[in-house]
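Chain nomenclature is as follows: A, B and C, assigned in order of appearance, with residue numbering initiated at 1 for each chain independently.
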Amino acid sequence: MKVWLFHLAVLVALAVLALMLPAYHANNLARILMLAVFATGYNLAFGYTGMLSLGHALFFAAGMYGAALPVSLWGLGALPGLALGFLAGGAVAAAVGLLALRTAGVSFMIVTLMFAQAGYLTVIYFNQTTGGDQGIVLSGAGRMLAGLDMTQDGPRLMVALGLYAAGLLAALALVQSRFGRVMLAMRENEERSRMLGYDPFRVKLAVLAISGLYAGVAGAGYALLFGYAGAGFSGVQYSILPMLYSLMGGAGTVLGPLIGAGAMFYLIDIASGLTTAYLMGVGIALVVLVLFAPRGILGWVRERVLPWLP
Amino acid sequence: MGFGPFLLLAVMEGLVSAAVLALTAVGLSLVFGVMRVVNVAHGAFFMLGAVVAWFVAGHVAGPPVWGWLAALVVAPLVVGALAALVDISVLKRLNYEPEAVIVATIGVLYILEQAALMSFGPDARPVAAPFTLRLQLPWFGYSGYKLFVVVAAAAVLAGVWLLMARTRFGLLMRATQVDRNTARAFGINVDRVYAGTFALGAALAAVAAVLVVPISQVHYLMGADPLLLAFITVIIGGLGSLRGTLVAALVIGLSDGVISMFWSPTLSKIIATLLVALVLVFRPQGLFGAKA
Amino acid sequence: MAAVILEAQGLARAFGGLRAVDGVDFALQAGEIHALIGPNGAGKTTFVSLLSGRIGPDAGVIRLAGQDITRLPAHLRVRRGIAYTFQITSIYPRLTVFDNVALAAQSRGVRDLQAAVAAALARVGMGDLAGQEAATLSYGHQRLLELAMGLALQPRVLILDEPTQGLAAGEIAAFTALVRSLVPETTVLMIEHNMEVVMSLAHRITVLNFGRVLAHGTPEEIRANPAVQAAYLGTGDAAA
């Protein structure tokens, strides 16, 4: 019970923060929240179930274009756009999973990376429709969600917060459920889990599809909130970022991805003020994390201070 | 130019690609074969070799051949040394755990790329070829240097084979590949073999870069495509099989050259990446690899 | 005559050139405790791995309660009622004792998870250790945890692979009593090297050697069997 209260308190604190922040940071927070949704879903597969995927950019892009294309081509509204992106992410993840989950470990990582690369190249190849690297700018009905005009800072942040809250609470429910225990079991000892009657393929496929749903809604949300969809979001960087956020914030904790997203966002923000080579920060962060702090920020907290943190 | 000669040109271009690809991929294959880890920063080592080559060539006076030769010596040494450093300071500390190594080498990739961006800059810069000889065929002229690249790559690959099959270090590498713990029990310093292997893999990529740089240009992101293609080659050929890598490089280099000439290069890359994924799913041992 | 709950006919499995299991016929009677003994390398673990589905056979048929399960994957065999405890302890070290057993209990869809876990832990005498992280348990307790997980599955057939290995004498006595209490509701097939345990617990024994059945029968028959003595037991007092 205190777990739920804790997380609700975090959400309330976020809402308060949202109201108080000046415009620049409020917009940053909106981006951070959408990236956190993406990373929360990724973390379900990576941190909780032990699947190292480098293909999530594909699911993010599926959500992004799944919303952006209908909105810009056929004038679809924001809510159906979000729904389509949500489903697109999940469907693509399930399709990839059907093939990729026949492999494991390093091979799984390479297969997912290859599918994501093929996706990126396909977006470039069909740049007549997708706008390629230039991308598509969205406007009109697609930027209005249930009366909220997402071209304005305030409503945009509210939508982002709403989406993150939904994602967080859903993840918490999943992780605390019996299935959540099975996810951990797959990560900890797959052979043992098989001999307890669990089908590794089915469990991992379900988790991958769920993480795809998260990626899809995050991609769709990102496009609709900020009015832009571009090929850059399907590049390998967007497969690496959710992994980095999860590692930094604490893989295997529900709130970790948000912390990691926020920390990295501001680290990069500060670094890009100093040099054009700000991605160096990403590189250094990855190496340092994997060497010295594989449990991440919240992982450390859970070990020392709050052992009941999910 | 008729179809026949056009095809010949495509094949010759493909051969050059295959040669460079084989050299790049062999390094990746060695590292995976002996150390059982995937080095995602392999393309960055390639790029680094090119940057060092540009730097060295720019500082050596006289005709370009001297600068190029100097680069051929210096670049592999510098890149190899750096790779050994990465192995000792990072990979060894991770105990060569495969997934941790992947994450760490992704980090190294970013660091190297951004370091190149900071020092070398975002522009693409050329390096002069050591000689300009033009081979005149009945239908078209062809760069003699490109043909030299094929020959040089073949020579280096023969050297690698000799190293693996005939020298003591090659024996140590093969022993460690078969069983790391047994090798250790026999008194082989596995850590040193690993550092040496990792350095050798990076150095081979640097040699490939020095060879290819007069044909294309030096750019801080130039490692991405070679990395992808090297991955594809190594997987289709069979992880850890040198022979498989060579055959796969030939197939992929040739078909990439041919497809790129007749259709879009993007399309050929899409096909290649999907092919890799499917090979890993349905025939994970590739062409020549051992079934796990 | 008791019903046959698990049987194998002509079961074979080779690894490269080595014929680990070489044409074994086997019948497990419902409600019995059946011991599988033999020298190291005889193929015992391979044989039970074939029965439980961890590896697939090259030839032969396996039937559970009359139904052919030869092609059935391991996790489905577990759901049909075969449970296997590992020779080298395979638990979830970073999870709590409770979570370990809960994973077994919830696999069979039990409604009251707390009660089922408590019951299984109580049977092995670990009721007060539920909150402890499994990695911090003593080796003996880890073996018992493995057993508790098997029990929580409430299987029809419980396969134990060298369950007393590493246990102290007092723990072995408790284990023996526990296994005796499991039958006849559950059928137990166990690989064991501890001859005292085998002779006191087993209703019937099968002896494997070089992947083949050397002998089977009651403990007295096996003890007196000269071929078994030559291959494994030794003669005279050594076997007692």
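The criterion applied here is as follows: a residue touches a chain if its C-beta (ideal position, glycine included) is under 8 Å from a C-beta of that chain, and two chains touch if they have at least 3 such contacts.
Since we're looking at a predicted model, the values are computed, not measured.
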Self-check item: Each chain counted as touching chain A and chain B at once
Solution: none
Exercise. Return the chain whose centre of C-alpha atoms lies at maximal distance from the corresponding centre of chain B.
Key: C
Practice problem: Could you give the separation in Å between the centres of chain A and chain B, each centre being the mean of its C-alpha atoms? | Solution: 33
Practice problem: Let me have the rounded angstrom distance from the C-alpha centre of chain A over to the C-alpha centre of chain C, please. | Solution: 44
Quiz item: If you average the Cα atoms of chain B and of chain C to get two centres, how far apart are those centres in Å?
Solution: 52
Practice problem: Would you please write down the residue numbers of chain A that are in contact with two or more other chains? | Solution: none
Self-check item: Residues of chain A touching chain B in the complex
Solution: 52, 99-100, 102-103, 105-107, 109-111, 114-115, 117-118, 121-122, 124-125, 240, 243, 247, 275-280, 282-291, 294
Quiz item: In their complex, what parts of chain C are in touch with chain A?
Solution: 52, 54, 73-76, 78-79, 83-84, 86, 90-95, 99, 102-104, 106-108, 113, 149, 153
Quiz item: Any idea which chain A residues touch chain C in the complex?
Solution: 178, 181-182, 184-185, 188-189, 191-200
Quiz prompt | chain B residues touching chain A - in the complex, by the definition given at the top | solution = 38, 90, 93-94, 98-100, 102-104, 106-115, 117-118, 122, 228, 231, 235, 264, 266-267, 269-270, 273-274, 276-278, 280-282, 284
